[in-house]
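Shared between the two complexes below is chain A, which pairs with chain B and chain C, respectively.
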Partner chain A sequence: MRKELPLLITTVFGLLMVFGRWFWLGQLWGIESITDQWIIISNGFAVAIGVVNLTQLHGRNVQRRREHWPYSLVLIVAMYGYMAIALYETVEGPTATWLYDGLFTPIGSAMFALIAFYITSAAYRVFRVRTREATVLMICAVITMLGMAPIGEVLISGWHSVAEWGMDVPVSAAFRGITIGARLGFMATAMRIILGLERAHLGGYGAS
Partner chain B sequence: MLVTSDPMIWTGALFTLAVFSYLYAENPAWRIAEHIYVGMTAAYTVAYQFHNTIKPTIMEDMLVDGSWGMLIPMIVGLLIYTRYFPSVSFLQRYPLSLWVGYGAGLVMAYAVPPLMTQIVGNFRTFDSFDNVVYWIATVCTLIYFFFTVKRTNPVIKYGAAIGRWAMMIAFGVSFGQTVIYRYNLFLSRMEYLLTDWLQLIEY
Partner chain C sequence: MLNPLMILADLPPPTWGIFAEGQVIPFLFGTAFVVVVYVLISRARAGEPIPEIRKIAGLDAVDEAIGRATEMGRPVHFGPGIGAVSNAQTIAAFAVLGYVAKMCAQYDTQLIQTNRNIYVYAVNEEIVKQSYLEAGRPDAYNPDDVRYISGFQWAYCAGVLGIMEREKPAANIMYGSWFAETMIFLEVGNIVGAIQIGATTNTAQLPFFIAAADYTLIGEEMFAASAYISKEPVLRGTVVGQDIFRILIFAIIIIGTILQQIDPEENPLARILTEF
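Let's look at the complex of A and B:
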């Protein structure tokens, strides 16, 4: 029963979603809103798992004075400090907002901005591969970059229209093909999960 | 006065510089910023869920409205913490099953209409060069993913080859868009440093 019951829950919940969406009776009973509420609540009570995991990992680092342990201490102080403030005055409270705008947003934006440099070095490495596919990929990337940046139009008049055509026709078409394939893949996987053929989430690996 | 006196902007600017310092080498300033970010992300999620889900469920749904049925998803959610107790850790499968089942059901319930829209959108009249290119690129990309058919048939073989080129073009454009987006972010951080912090630029 340790695996059978969870498997049954997966199947029943999956079928309930389909029933609630596609069947008149399911819509009448409001099954979809009930299942949505159940998921929101169960998720809400489970999110602290991240905090528990981080505390366990970094708490052990501090306790055993492992290498770089002061950073673990910084993490624990930042986490519990911010959590205490945000729990007390909500995440929209004055101190929590100050910390969010003064620390969280700048660090997050700067981290994503940092990727600009790494993506440039990735582009350089793609150029060095020297296969036909890599060359086409990079030429299209350069056309797009010049088309999206003001300098493209300054260098070659009408460049923006070329880039726009590329995005509207071949790129949109290829992505449509990929999307159709991916959606079919999602549906096949979902079907396997509902039928109980896919059991990786129960602790096993791969399909049965 | 040139530089701002706002402590919040000072904090933001110094941490932005701390993150950018990683470009030179991994250093304590970067590590502090990184650890603060991870800690705050976890804490924000908990605080947000507490005020928007946990508190209303207990204080309003259960105590005021008397919806004691909400105890079931609440307990199911809490079962995830049994993973820390080996003797009962198998109980963590219940919330996982619920979420995976919900996700699978959601796909089955909602994936069909957008899929049909995508397929119908590909039915085009061959009255323009763009439509012909569009149709060929979509169909050939789909052919590329037919792994159940041997690629000896010329239609499949050459179709898949065209599909691969179409995807390379699409990935190239996608890569270009990502680069531009990241540079935009970088420029916005530079603008923050030069305008809000140092106040060197005025609009």
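Let's look at the complex of A and C:
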């Protein structure tokens, strides 16, 4: 029953979702909207699992004074500290808002900003002309980058249009090809799960 | 609870009496797909030959990556993307995680598995535990190695970067729905000297994987993983069905393009596909 029951639930809900999408009656009953609401509700409960896991892992790190344990301490203090503040004055209270807007958001933005530097270092490695593919990649990248920057148009009139054509036609066509293949993959995966052929999500990697 | 009468007011009348608006073609396409795959599965079950799946270098490289980590005595990092548990890419990652965990258990190599989504974490914990059990090494399973980091994208990113810097994995397997954090992970993986395998269908991230990872599974390749790894003929049948339909779609695109050139205003194929 450990595997059969989840498989049965998966199949029933999989078929129900298909019914809710394709058939008029399914849309009338609002099956998709109802299940969306269930997901939102269960998300609330799932947060507790995350808190428990973080507490167990980092609590053990602190307790056993494992390497880098002060980081774990910072995490526990930050997590429970913010939770306490938010419970005391709600998440929209002044301190909670200040912590979120003044600390969390800028840290997130700083992480995002790192991409620029990492793209540069990756580009340096990739564009070193070692193979034929790398050469093609570099030529295409130079054409596109200069075409998208104002300097390209200054150097050669019409460069921007060439770069834009490259993005809109060959790149777009390749991306759409990948997307079509991926969507078929989605369908095949969904079918394998609904039919109970793929059971990796129940543990291990064994098929039926 | 939703009121059907309220929905009825906004709902267009059914097509052919039963179908929702614009869902006839998806229904026919989906049904045809099920029939083709069913035929292939039946053939596979009956022991009749079905086409082989071509070699997928990215999946073959998983063994190499784990072997390298074992030789170096360093851990393997597996990230299932930052998508929800219902995301097909995340589901595709489950099969690969099971395989990676089993291999790591057999070779006694530490597997660090990080998660952004709490549901994905719960499923992955079960997969890893079960894989260690199947490998006959339940004692080697360490619950601390399957980690929930954070529900926020950049907090997850920061957490994983910290792990990679501190624990220096020799292999970094990124298999799933990845977004802006892709490049950061790959470059840090490169800095710590990890062999990197990436797989996603998010086209905006694919160039980053191609540029910075050692092996990349593009698009539908990642969905062939469970069939490829398990070598089950039944699962292979679904992948072959996928390929047959890709050829069918390609033919439809060619026909549609020709019809569009003949009469751009009255393309019958476009009309059928958009109306139904």
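Please note the rule applied: the second predicted complex is superposed on the first by the 191 of 208 C-alpha atoms of A that agree within 3 Å, B and C clash if a C-alpha of one lies under 4 Å from a C-alpha of the other, contacts with A are read in each partner's own complex, and residues count from 1 in each chain.
Everything that follows uses one rule, which is that a contact is a pair of C-beta atoms (placed from the backbone, for glycine too) under 8 Å apart; a residue touches a chain by one contact, two chains touch by 3 or more.
Computed from a predicted structure; not experimentally measured.
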{"item": "Contacts of A:Ile193 with chain B and chain C, given as first, second, both or neither", "value": "both"}
{"item": "Dominant contact partner of chain A by residue count, chain C or chain B", "value": "B"}
{"item": "First (chain B), second (chain C), both or neither touched by A:Ser33", "value": "second"}
{"item": "Partner chain in contact with A:Gln63 - chain B first, chain C second, else both or neither", "value": "neither"}
{"item": "Partner chain in contact with A:Leu15 - chain B first, chain C second, else both or neither", "value": "first"}
{"item": "Touching partner for A:Ile41 - first (chain B), second (chain C), both, neither", "value": "first"}
{"item": "Partner chain in contact with A:Met83 - chain B first, chain C second, else both or neither", "value": "first"}
{"item": "First, second, both or neither for A:Thr95, with chain B first and chain C second", "value": "neither"}
{"item": "Partner chain in contact with A:Pro170 - chain B first, chain C second, else both or neither", "value": "first"}
{"item": "Touching partner for A:Arg125 - first (chain B), second (chain C), both, neither", "value": "second"}
{"item": "Chain C-contacting residues of chain A that also contact chain B", "value": "18, 21-22, 39, 43, 46-47, 49-50, 54, 68, 71, 104, 107-108, 111-112, 114-115, 119, 123, 137, 175, 177-181, 184, 186-187, 189-191, 193, 201-203"}
{"item": "Chain A partner contacts - residues on chain B that touch it in the complex", "value": "7-9, 11-13, 15-16, 18-20, 22-23, 31-54, 57, 70, 72-74, 76-78, 80-81, 84, 90, 93-112, 114-115, 118-119, 121-122, 130, 133-142, 144-145, 163-180, 182-183, 185-186, 188-189, 192"}
{"item": "Interface residues, chain A side, partner chain B - complex", "value": "2-3, 5-7, 9-18, 20-22, 32, 35, 37-52, 54, 68, 71-72, 74-83, 86-87, 90-91, 96, 98-117, 119-120, 123, 133, 136-145, 148-149, 165-181, 183-184, 186-187, 189-191, 193-194, 201-203"}
{"item": "Contact footprint of chain A on chain C as seen in their complex", "value": "1-2, 4, 7-8, 11, 13-15, 18-20, 23, 26-27, 30, 33-34, 37, 41, 86, 88, 91-92, 94-99, 102, 118-119, 121-123, 126-127, 129-131, 133-134, 143-144, 147-148, 151-155, 157-158, 162, 166, 180, 183-184, 186-188, 190, 201, 203, 206, 208, 211-212, 218-220, 222-224, 226-227, 229-230, 232, 234-235, 238-239, 241-242, 245-246, 249"}
{"item": "Partner chain C, residues of chain A touching it in the complex", "value": "18, 21-30, 33-34, 39, 43, 46-47, 49-50, 53-54, 56-57, 60, 67-68, 71, 104, 107-108, 111-112, 114-115, 118-119, 121-123, 125-126, 137, 175, 177-182, 184-193, 197-198, 200-208"}
